[in-house]
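Next come two complexes built around subunit A: one with subunit B, the other with subunit C.
The block that comes next holds the complex of A and B.
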């Protein structure tokens, strides 16, 4: 009994010392708790539907950040991974009658393959060339989709997939827990040695190569990882909407991902996730004026970027926290001395 | 058939060449990937529609007004939305996407999503080996070639052209040589948007207007720029006609070709890039560090 009490007290001390000291960590904790406990309070199907879609898109936006934010390989064709996975999942489900737990991982593997196919020619290209070339891949595939309507369903897409699960609340828990889990995994990846190499490739690829690191392998790894996570979100989308249509491959889809990620702040993982959770419900909220919905959306993005060009969430984080000049540990902005090394914060 | 293909190659190629040159000018000078470039082309077309159909003025007047107006809109949006965040490349990218979306939505609000058309400047057609060629098509090709020549003269023979080329080549050295780089960027933006507006004015009688008409040219324009080599005017010119021809061939020769035209053109671009990563006429720059 005493031992359990000791561990509980230790846990509480760690919690107080590590989580409660920084507003950003408290916000993340609250975010997790709110998402997980929401169905206890409300089961409004419309609200849950929006949140499910938001979670799916959050995975997509974060996967873009993993590739384009971290390694700097600007990918303008992220819809390719989403669409390939959505179509593969749909085909597997409709023809082989695979249930969703089987078709979604296979769809994600198809997206990894797509990542390799895009990644290999793209390795020779840089910056703007790369961005403009990657834009081409989903459009090529879209043309093929339209040209063989008896396999892909043409403009109507493939519909009639089996449901993700029996009920809306179960759907909600599946997508939310997957989203939280996958985003945490992505964040851990970017925090690991691999993530540091990704950072370095963006900053100075020649220097990384000079340090004896095979940058080609790491760039392909980034394409595959990003393809996998985007593929999971594509499969979830196909099963939740019960349709895989050409809209998953369109240019506007690729642009949408870039908008979410840059709006939230790239090279953060939490930025794109936060941005999706702000922008998608906001777009739903604008339903009161359907014609002007996209106009208001675009105007808000333009105005916010004008004042916070590095993204909304990093800007907010810099307002509430500051970095210790000596030990580089983040502190709440109200403190006058660093919480670790007691150096004065100006 | 052959003549059809040639005419459509020339028209598509000229449009893509005009758009791509404008796009690569502003990219070269200011390093801005201007997604909204073809949106300006779209609003120029709508401007002409409004002036000719609603105000009942002569199309030629409409075209001139449209070019001036769109250039002004382009300069204003550059000054207020893009110039302040020039240092943040990703933010500029999103700003131009948002700008394009705003222009598209405004046009949707004003003109609705209906398909509209503008009467041609000169009516009539001629028969040529049994193929009807409208005079408007010939006029479009002619004017496009004249504009292309004018751009070449502007870039090669004038002081502004020299400034644009040298800034594109090396911004810092151009600055050290006493050029006002910010002003050059502004002027280039003006030239670039004016080119987009010119393109809109030239093709408007041949195309169908709708607020999403900027998407397809945008993709083709980017493909042309990459194929020809970023920042190379000659490359844009050749690349535009290659892709224009690929599109026309696919449309006329392959069943279901109109769905595949974009795919084939873009596949050609990727194949060329696999062999020559810097594009047809691009120069392999030393890595910018």
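The block that comes next holds the complex of A and C.
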């Protein structure tokens, strides 16, 4: 009994020392707990539906950040991955009757393939030119979709997919857990050695090549990874909405992703996720005022961009946390000395 | 006779109407350390960029250990063992200094040569230690001064463990005392050995430099370029007495 108590106390000490010391970590913990425990308190299908869509879009926004924020490959056609995966998932489900656990991964693989197809010709382009080229790809695909209505359903899209699962609560858990898991994986990727190379490619590609790194391979890797994660979200969307329509490929879809990411703060992963969880429910909330809804939305985003150019979440984080000037460890803003090296924080 | 370590044969490069490199040929032994001097615009940096593959030559051949390397990609040339620094430093400004060097340590060549070292950070730290800026490892590269950026460039190049190191003005922006120190470090690097976890092959070197006095202390051979042509090639003492060199570069006073 004493031994169990010892380990429990030890676990609590670690928890106190690693998680409770920083407000940002506490917020992430609360975010995880709230999302996972929500259905215990309420089963309101409307609320769950909003949260499921929010989770799906959070994956999409984070995957854009991985490609455009970290690697600096400005992608203004991120809807391509979303749409390709949604249509592939729908076709596989409707014609081959694959269940959702089979069709979504295959849809994501189709998005990886799309990432390769877009990535290879785009490798020579940079900045604005890359952005414009990527913007064109979903529009081209949209033209193809309209051109062959007997396969793609034309403007109506493909409807009648099987449900993600039997009940709304199970749907909720599938999407939420996938969102939390995939975003953690993305954050881990950006934190690894590969992530450092991604950062460096954004800063100066020629210098990375002069350090002996095959940048072509890493840029394609970024396209494929981003395509995979966006593909998972596209597949989930198709199965949850039970329709894969042209709206998944529209230009507005691509730009929405960019707006979310810039609003929340690029090069963070947590920024876009947080932004989606703020903006999508907010937009739903303003449904009672349909005329002013988009105006309100635009005003909020403009204010954020004016006063917090690095994004909302990094701005908030800088308010509640300080970086130690000596060891670069983050500390809560109320401390006067660093918690690790005891250097003065002011 | 075996082929020379680095052989440059009839190299030409033009930018529009300007011929930056005209018919340059020389060779370099495995143990050699040479200085490359010349007036501004003589084509020194262009020559280095041609060797590292950042620029493509119009004609001529560059052979490294008997293999032709012009036309190869920069990263592939680095992985064969030739690495160069940039004259106008190109750090990853928004990354910490240690991350700047870790990128070099993550190149396939450096990873393969890690031997018993698996920690990329530790190796990057030793490269910084060699260059003398390890105390600032966690600062952003944008906070560095010009002189420290030079050292960062050297650290980044050394971290790939090259066999041929091309330094483009390694002493630029350094104070006389620092220049002395850097000169000694470069000499030590040329002798080879271990610097902590970092292994030096004892690379052959080509050094571009304007601080002639420092350069003459560390190199055994100097090549002088003027308008893209080699006008002198030999030991430092002979080169500074050469009439062409004095007229085009050193000026009447000599050094």
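A few notes on this one:
Quick note on the criterion: the second predicted complex is superposed on the first by the 346 of 346 C-alpha atoms of A that agree within 3 Å, B and C clash if a C-alpha of one lies under 4 Å from a C-alpha of the other, contacts with A are read in each partner's own complex, and residues count from 1 in each chain.
Quick note on the criterion: contacts are C-beta pairs under 8 Å (C-beta built on N, C-alpha and C of every residue); 3 or more make two chains touch, one makes a residue touch a chain.
Keep in mind that what you see is a predicted model, and the values were worked out from it rather than measured.
Comparing subunit B with subunit C, the partner in contact with more residues of subunit A is B. Once the two complexes are laid over each other on the shared chain, residue contacts for A:282 go to neither subunit B nor subunit C.
Of the two partner chains placed around the shared chain by superposition, subunit B is the only one that A:140 touches, whereas subunit C remains out of contact. Shared-chain residue A:215: touches subunit C; no touch with subunit B. Touch criterion met: A:294 reaches subunit B, while subunit C stays clear of it. Legend: residue contacts after superposition of the two complexes on their common chain; A:206 is shown touching both subunit B and subunit C.
In the superposition on chain A, the residues of subunit A touched by subunit B in one structure and by subunit C in the other are 204, 206. Subunit A contributes residues 121, 124-126, 128-129, 131-133, 135-137, 139-144, 146-147, 204-206, 251, 255, 258-259, 262-263, 266, 291-292, 294-295, 297-299, 301-302, 305-306, 309-311 to its touches with subunit B in the complex. Listed in rising order, the residues of subunit B touching subunit A in the complex are 27, 33, 35, 81, 84-85, 87-88, 90-91, 93-95, 97-99, 101-102, 104-106, 108-109, 215, 218-219, 222-223, 225-226, 230, 256, 259-264, 266-267, 269-270, 273-274, 277-279, 287, 289.
Within the complex, the subunit A residues that touch subunit C are 193, 196-197, 199-200, 203-204, 206-215, 327-328. Residues 52, 54, 73-76, 78-79, 83-84, 86, 90-96, 99-100, 102-104, 106-110, 120, 138, 156, 159-160 of subunit C are the ones touching subunit A in the complex.
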